[in-house]
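There are two complexes below, and they share chain A, which is joined by chain B in the first and by chain C in the second.
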Partner chain A sequence: MKPVSHTEVVISRSSTPNKGYGAKLKRFLRECWADRLSYLFLAPFLLSFVCFIIIPVVVAVLLSLTSFNGFAFPRFIGVSNFIYMFTQDVVFMKYTIPNTLKFALVVGPGGYILSFIFAWLIHQLPRSIRDYFSLALYAPSMVAGVALTMVWTATFSGDSIGYLNNILLSLGLIETPQLWLQDPKYLMTIMIVVTMWTSMGVGFLAMLGGLQTVNTELYEAGRIDGIKNSLQEVYYITIPSMKPQMLFSAVMAIVGAIKAGSISSALTGMTITPQYAGHLINNHIYDYAFLRYEWGYASALSVVLLLASYAIMKLSYWVFGTKEDE
Partner chain B sequence: MLLSIRRNFTLSRVSLILFLTVIGIFMFLPIIFLFNNAFKPLNELFLFPPRIFVKNPTLFNFEQLFLHTSAGVVPFTRYLFNSAVIALTTTFAVIIVSTMAGYVLSKHRFHFKAFIMGAILIALMFTPETVAIPRYLIVSGLGLKNTYLAHILPFLASPVAVFLMKQFIDQIPNSLLEAAKLDGATDMYIFMRIIIPLTSPAVATAAIITFQTVYMDVEGSTLYMTKETMKTLAYYVEAMTLNIPGVAQLSIGSSIGLLMFLPNLIIFLLFQRKMIQTMLHSGVK
Partner chain C sequence: MFSRSLNGIVIKTVAILCLLGLLFPQFASAQLPYYTWYRDLNSGMIATQPIYVPDRVIDGNGAGGALSSPSDVFIADDNHVYIADTGNNRIVELDANGEFVRGIGQEDGQGKLNQPEGVFVSEDGMIYAANTGGQTIVRYSSDGRFDREFKKPDSKALTADYHFLPTKLVVDRRGVMYIVVKDTFLGLLRMNPEGEFTGFFGANKAKLSWMDRLKRSLLNEVQMAQEISKQPNPIQNVSLADDGFLLTTSSGVASDGQIKKLNAGGFDAFRNKAFWEPHLVDTAIDSNGFMYGLNRDDFVNISVYDPTGEVMFYFGSTEKSARQLGITDYGISIDINSNNELWVVDNASNLIHIFKRTNFGDTYMTAAHLYFEGDYDRSRSYWEEVIRQNGMLNIAYNGLGKIALHDRDYRTALDYFKQSNDAEGYSNAFWYIRYEWLKHNFLLMVVVLVVGIWGLIFGARRTAAFVRKRTWPDKVRQYAGELRDALYLIVHPYNGFYRLKDRNVSYAVLIFIIVSAIGVHLWSVFASGFIAYPFELGDYNIRLSLAFKVVPWVTWVIANYLVSAVKGGEGRFREVLQASTFAIVPYIVVMIPATILTNFVVQEEWIIIDLAHRIMWIWIIVLFFVMTQVIHNFDFTEAIKNAVITLLTIGVIWVFVMIIGGLAYNFYDFVKQIYREVIFRA
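Right, the complex of A and B next:
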């Protein structure tokens, strides 16, 4: 990819001879000055980025090495938080990790594939009615917090008035009302269903937009080159043409799956779910940070979460990333 | 609408529409429920077997909401005003800031670019909740407590929006910008006249997500605001549903549920239409 601007600067860069550190520094500063407009454009973002994201994260990493209760000054204890986490924290090893993995593996890729399928199907519709369908599918992700809780607790309510119990009872599929949200057997499944329902979010929108940017001439060219059915069309033309959007929504799906945590407490009304059935890593962080006031350990947990999501992110780049990208 | 369906009448298309309609109704059902719930009188809210559609619509729930709040220190409208101001300002600011950053990151070449991109990619997974304490220290250190700025600034750095913009601007051909350069356009001109009009779909998406995040945010009000008059609707809703048990909660809760959902819906409709229109007219493929 050729740089659009500063072509002349690049030329002058390569022609300047190296003369020790002083000259190098001078050249570096001169180049920075030549790029000043770029930095100016970036400045508002960078300033707030450093203030509200980088510094807090660095502080969190530092705190993860301490014992800190939120009141007294943090006491440095090295990596003991991490050692404790993987050797003695029974809840973490026995419930949090398996639950989070299960949840993220189903909701992440599942939601991602579903959003692509639906976006693609909607794109096949005539333009005049497309909007209504995209609205219907996107709407659930706009319902948050209270409203979400209201609707779903009514559905899965444990008495015979609950919608699901009511339907299943009248169909004769169950004999007594089930305590859907209190029973550890069902809680996880329900959490997954509800999250999938809200998962047609930003990623879905991005894919809808991406589908519209695909050059339609490519389809004709593809037909001449021997593409027979629409499945081949999707695989050879659609997906490669909308790689940026695919990557973006993959990232959003991962983030969504990892971030989810409030869903279990919203559904059950308890911060700690029955028998830790719906205990995700975010619940664990919340537990240690706001119930036990062990900020150091909570920070260590969030560092682990950050590292894990970074690893998954790298993986998705490896899958979707464009190779010639700089 | 009907005409275009008839023109393209084929079996596969009709079955596709049918299938999507069923899915759409299933997805939309809880929202219909939400709408109807807000207008149900008390006896219908507790009806057995539960009914989705309201039979005798009433504004009783909204009356309850306003009655309850007029008894409080801060009127309900104040929260609404705060939320509106904060959400709109933030959305606008985020769009400007992210488009600028996205343009530079996509089309310029300079030192630290790879480094900044790397940081943004990692920050995509950033969860503000996990670093609440350091953030609080920074906000109070900057003297922003009890100001609107404390609601707005933490959202200004939106890695998602910047990433979206960057990815989108990547698709704008370099030759277009080079041609403008040859004609003597400055960076500012390119940004205002070429980048901004061509990125409208990404702007629409960024606007929708930013508005939602800000509008739903409770953290800002809980942590950075000590004055009740500076808090937002989302905070009020949470405080309300957590504190009022029993019958009142169900009636107030159902009306609030609708109130929280509506602005999101409006913003979405507004921007989605714009997004599609610009796609049709701008000639971007």
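Right, the complex of A and C next:
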């Protein structure tokens, strides 16, 4: 095989005028055939992508149009699931959406800013110890499940032995132990705090990687051009140079915040939190899928979640992506 | 004959005169000697019609001699009243009508009382007296015969310097006594029926302020010893509720839990709630859980609390050497009988005042009782009656709102909650209305939203094209350009402010921006949803809120210019003014959509509004900072220094203006006085 022939072929063809869809299709197939070897290399990825991403999503979309209890064959009911969701499901409207909104609005940007700050701080460390610190910061998101139940439930335990209660009691700030994890007043805040802690994951690593890719010559050039302190460096050089990583991190942070849900059940030990105080959309999906066996409706919910994530991803591209006029 | 006719004339004349007199009646005032206040959560105290009126007094003249410094009253379940008649060394028993039944503890021998200050009758009819002078508790059987005496219990916990001076007591169902002992901080003394000490109960805690904590961590032991030691408030009085809770009353520092509702474990059901009444002396509780507190304040001395411990009414009054029905001199004890009559013991004038509940009070209290029980259906008619008699009481509207919400009559509920200034209830009702609307118009909404957004984008493009195509007068083009610059500036602050340098933006545009910011502020107050301002907007101090925005801005402009001029900043005053004006554009940009949104958002989703406001303020602060940096050509640290100094200068200006204002007023007053003196005396 001659590896370079492809471009020449394309260039030579583009000069010929189009003759309808038939000709276009023919040309497309011919190109495919010409590049057959590259498709062979692509095949493993494409196959697994189709099997594990495309098909499940398509099936979920199809199931969302049905009533399905997991045993009988799905019964097609059109968009009733979606209409029900927004017009009948009081819990969804009254607790799930506001909670998810609140959670995502705080945890998404909050976790994002935190991971940037930490990545930047760690980047300032000498190279020899930098890796240990990044490992330490990344650790929470690796051991999330175990660490959650061990560390945080011990911290927020509702008796006087729980760390937080103990400290507050000994300081005399509270008189009786608080039920941190069962009280609807506190649960949401605690969930937010804990998630911020665990969300230092992929986004953080990406930021750290991004910081390391910034061309150091730029800093020198900047200093010559009149940059005086490291804050200006960050603003004028670091952030513009690592825009792709920032974007990736933003998408990960926000989408991660939206699809969080296991946190509330891990903290409270209940699938449904007291008075729906920490009821996020993922809890709602879990509720309908694994407690009520209404898988059609659960699929509809996850489709909505998918659409919301997509919309937010678009939004972050719009906010963080490069624009023409810059 | 003559004399008889004369007599007749005289009599007739007198009779006619008397009849004529009826045409010009003397004014007789039947006003109560005190006001009744209703405490409204939003607008403070409202004077309202009485819920209790003084009915009669008992001086004890029919009770075998006048009372002498009575100090406690207890009303048993059969409405018999027991009074600790301290000065006469006896317990007086009256029947439900206040007629004397008998005196207890007067006979010599065992059971002779010495200055008893407390009395209690248990469910089985045993009469307990806190025999303060004798330092004992004396128990009598229900027929008034001496039964048993309890001395200071023998226990290691009670040292020799613990003086057993019992003043008040209650006895629970098991016969366990809870005794208030004079001048101790250890709480109630608990004694079992055998007279053994079983521990202290419900002691108050000393409250440490931050200052005290600081002292504790800084001072050494010798210095600490010189500090006045912090003592918790002693318990003054104790009452027993029908459901077995103990109500303790402590006076003193207002922020400590003055009324505590203790369960058998000593846990306070009010969780150390602050009551803010420094002279509280006694509390009574009725069968519905409403509490009545007795104060020694001048203007109000009886307060009525709902079962959650929120005060609803104040009434009564205290006056030294009072001789008027319903006014106490030195109130010391209060109790309520099953006819809801309040008996208040006046220790100084040796009287017992009896207050009767009015019709209005009855209606109100019944409604409130049903409301707190959650029996909304039955409370409805009572609330309606309350509103008919007094339309000012929020809780009535709130009750009706909850009923309406319960009945799924959301619109009515919305109105009622609005009238009662209850944001949470309003939010709930509004949620249901929105939900119902969504249910019916969901598809319509989606279509309208999509078409609307598309239309907006399309319209904007069309307008832009139209604007570009036409040629506009120079002035309009200039203004439009400057406004566009303002919009560009808020998203690209560094570039934007840089473009403002050495340039004169027209005053018309600056004034337009300022005026629209003020306009947006005013509009945001009146166009916001009810949840944003859950009170009567008439009460809202619009001038003050406006001043809070305008005055800092004006002083910022002046201070920033002055400080920068001194510190070597480049900016001219004009530049500072226009940059500061452009920096407030985010207020207009964010407030408009946020305010519109407040009309559609419920409390659960309020985070959106909060977030918008917070982002807006951060945005504005950042703009002001960047402005300082760019306009004056400072570097980063210089700009920070400058901003801090500017803020300090703003403070100095305010203080200065205040002092000058005060002096100017004094001077004006002086001149005025001289003018008067000259005009009127000369």
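Basically, the second predicted complex is superposed on the first by the 301 of 326 C-alpha atoms of A that agree within 3 Å, B and C clash if a C-alpha of one lies under 4 Å from a C-alpha of the other, contacts with A are read in each partner's own complex, and residues count from 1 in each chain.
In this section, a residue touches a chain if its C-beta (ideal position, glycine included) is under 8 Å from a C-beta of that chain, and two chains touch if they have at least 3 such contacts.
As the structure is a computational prediction, the values presented were derived from the model and not from experiment.
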| item | value |
| --- | --- |
| Fit or clash between chain C and chain B when superposed on chain A | fit |
| Which superposed partner A:86 touches (first chain B, second chain C, both, neither) | second |
| Touched partner set for A:283, first chain B, second chain C, both or neither | neither |
| Touched partner set for A:94, first chain B, second chain C, both or neither | second |
| Which superposed partner A:229 touches (first chain B, second chain C, both, neither) | second |
| Angular separation of chain B and chain C about chain A, which is computed from CA centres of the superposed model and rounded to the nearest 10 ° | 120 |
| Chain B versus chain C as contact partner of A:258, first or second or both or neither | first |
| Touching partner for A:247 - first (chain B), second (chain C), both, neither | first |
| First (chain B), second (chain C), both or neither touched by A:53 | first |
| Of chain C and chain B, partner touching more chain A residues | B |
| Lowest C-alpha to C-alpha distance for chain C against chain B (Å) | 14 |
| Contact footprint of chain A on chain B as seen in their complex | 1, 4-5, 8, 13, 16-17, 19-21, 23-25, 27-28, 30-31, 33-34, 37, 48-50, 96-98, 100-101, 103-105, 107-111, 114, 116, 119-127, 129-135, 137-138, 142, 153-154, 156-157, 159-160, 162-164, 167-168, 170-171, 174, 177-178, 181, 187, 191, 201-202, 205, 208-209, 212, 216, 234, 237-238, 241, 253-254, 256-258, 260-261, 264-265, 268-269, 272-273, 275-276, 279, 284-285 |
| Chain A to chain B touching residues, read off their complex | 1-6, 10, 28, 31-32, 35, 37-39, 41-42, 44-46, 48-49, 51-57, 59-60, 63, 70, 118, 121-122, 124-140, 142-147, 150-152, 154-155, 161, 163, 166, 197, 200-202, 205-206, 209, 212-216, 244-245, 247-248, 251-252, 254-255, 258-259, 282, 285-286, 289, 295, 298-299, 302, 305-306, 309-310, 313, 317, 325-326 |
| Chain A residues within the chain C interface of the complex | 83, 86-88, 90, 93-95, 97-99, 101-102, 105-106, 172, 175-176, 228-229, 231-232 |
| Touching residues (chain side chain C, partner chain A) in the complex | 205, 208, 213, 267, 271-272, 431, 435, 438-439, 442, 602, 604-605, 607-608, 611, 635-637 |
